[in-house]
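Below are two complexes that have chain A in common, paired first with chain B and then with chain C.
Right after this comes the complex of A and B.
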């Protein structure tokens, strides 16, 4: 069942180039593994697949490894995809 | 780089002049005389004297750190002054490391400044990092970030890392109290064409200032014994939203190539090869097209003077087209071409059609594509080459090498450079 609305937020601007936006809301199953959640997001933004191994993936502001870890999401939970930025 | 530096002397008391100078921070119980003495014995290596390094070094010097190593290979340029606040107009063309040292010496002459005019290189980095207590990564490129991180792991030094781009910034303290290193989080470098630097993407000076000051704060807390709050956390700053987020990071990765239990990286390597990009933030010149699909700015100028029918397509982002443009160019951002934006393609089709009426329509119409530096224009040519001939007619797309910046330096010196 696709219920809670996990808002996800794409960490940084070069991401915007890849994904096209900073923040949006996505409906996903309440219980989902971290890898499935990533794949749901990649379905909407296929170019993110390019940098899968170069991002910090965080749920509720906490690092999550992409894998079998089961997440129980609440409406409004924030999922962040954070690539490193290197400018200075 | 200069020879080994002598260790900073241990001291048991502050002088009357020091007490006066640092009185506002000495009365903080968290710092106190003990913290100030520790600070005076601490040495900090600042990698990069730009937008992050300037405010960082400024506050550390003001606070009375013992020694500041200042690394930068670059010279001061006009476009640096908006954010690199230690360098003034009069310093343009001078090495940044020396310019920073001179400005800092005016602020606090009691601190030792060691300018290193040159890039941090794999060959010398470890020897340099070992001579300092704390390292601040204020660099502007991916290879240097991996180099600094690996050197800090191998030398056992805490790394206070900051970065900024556009209206956002990041800060983390790596290799500190069991926390991760940079590679634990980012084992593989990003594909070079997904990386945006400050020259391409822009950056607001205040944003580098805020992140640089946050770095100075964490360095100061580590040096004085308070300890950093960011071991295991990454601070994300969004200037547009006015929001700071602290992301809890993973702990050290047991199978990390550098700081893991069985590291495969035990000496510094070639980081430019590892990252596929160069250790500067200068825009790299891509070569996506064969030379037959490219023209120089001089060749384009001749075509223009000879009034050869053609379309000039400017594919820069809207914001850059608003800075300056060639009046006869049709402006369609690369992004719109990539997304096959219908309105944009119709505008292109219309212009091609109009221009074709000036020809006998026997030969393909040339479409010259221009951008700022000649990278995006090549991507656009590839897209144009795929367009259906039945809709767009027969066109011959080529890009202009070096883009509008080459136009400004070689053809029209009144054209703005940015």
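Right after this comes the complex of A and C.
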């Protein structure tokens, strides 16, 4: 069963240029691994594949590495693509 | 401690709790702020000062004017704001577990344009004795650099560059 995420959000404006967007809604299966989710997003925005080794997800504002971790998503969940950070 | 003398458990507990709240006006607090205005060392240190504390330790992160021979004009910071605040709260929670005597913690981070030599982050921690606040401040800045979703862009004369902290817990340090 597919249900829409609220949004996925790109870490900073550099990646907005890669994908041509900041934030959009995607429909995915309710249960999906983080790697499968990445692959769904790359289907829509193939240029994001360029940054695959540099990013993590934040699902409901918790970090999730791209891999086998099974996500159970609710309608309206926010998923962010987080590039390497440089705060402080 | 509960005293049973005909009163109910609930009402004794309520009285104990009420008295505790009145006497303890210096409950440990976390002060977290992400803002675009200039940061103030005075403001941040005053937030954590406490009559129970003999030490306030501070870290100020300022912006350098050069990187690999290139002149840096200014910095720009962006954040995934809601998650950044949540991650900083987690850092504060961890600090209190590791150093239980820490009283107040303040973390102010600037967003948007930060001119050279101005502060991009100020962290202040108070504790009764100095060892804990010194160690806690170091832990705060190191962990912030590893886990808080904030990004820095260095603006040079002809170009710009998004930076990557070596502390970032998921990024490869060797590229």
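Of note:
Rule of thumb we're sticking to: the second predicted complex is superposed on the first by the 82 of 88 C-alpha atoms of A that agree within 3 Å, B and C clash if a C-alpha of one lies under 4 Å from a C-alpha of the other, contacts with A are read in each partner's own complex, and residues count from 1 in each chain.
Quick note on the criterion: a contact is a pair of C-beta atoms (placed from the backbone, for glycine too) under 8 Å apart; a residue touches a chain by one contact, two chains touch by 3 or more.
Quick caveat, the model's predicted, so the values are computed rather than measured.
When both complexes are overlaid on chain A, chain B and chain C end up clashing with each other.
When the two complexes are overlaid on their common chain A, residue A:65 makes contact with chain B and with chain C alike. Legend: residue contacts after superposition of the two complexes on their common chain; A:51 is shown touching chain B, with no touch to chain C.
By the touch criterion defined above, A:83 lies against chain B and chain C together after alignment on the C-alpha atoms of chain A.
Clashing C-alpha atoms with chain C after superposition occur in a single stretch of chain B, namely 199-207 (options considered: 1-9, 109-117 or 199-207). Counting contacts as defined above, chain A residues 11-14, 53-54, 56, 58, 61, 63, 65, 80, 82-88 meet chain B in one complex and chain C in the other.
Across the complex, chain A meets chain C through its residues 9, 11-14, 53-56, 58, 61, 63, 65, 80, 82-88. Chain C contributes residues 61, 77-80, 82-84, 86, 109, 120-121, 141, 144-145, 147-153, 162-165, 168, 170-172 to its touches with chain A in the complex. Within the complex formed with chain A, the residues of chain B that make contact are 48, 50-53, 138-142, 145, 162-170, 182, 185-191, 194-198, 201, 203, 208, 211, 234, 236, 245-250, 281. Those residues of chain A that touch chain B in the shared complex are 11-14, 17-18, 50-51, 53-54, 56, 58, 61-63, 65, 80, 82-88.
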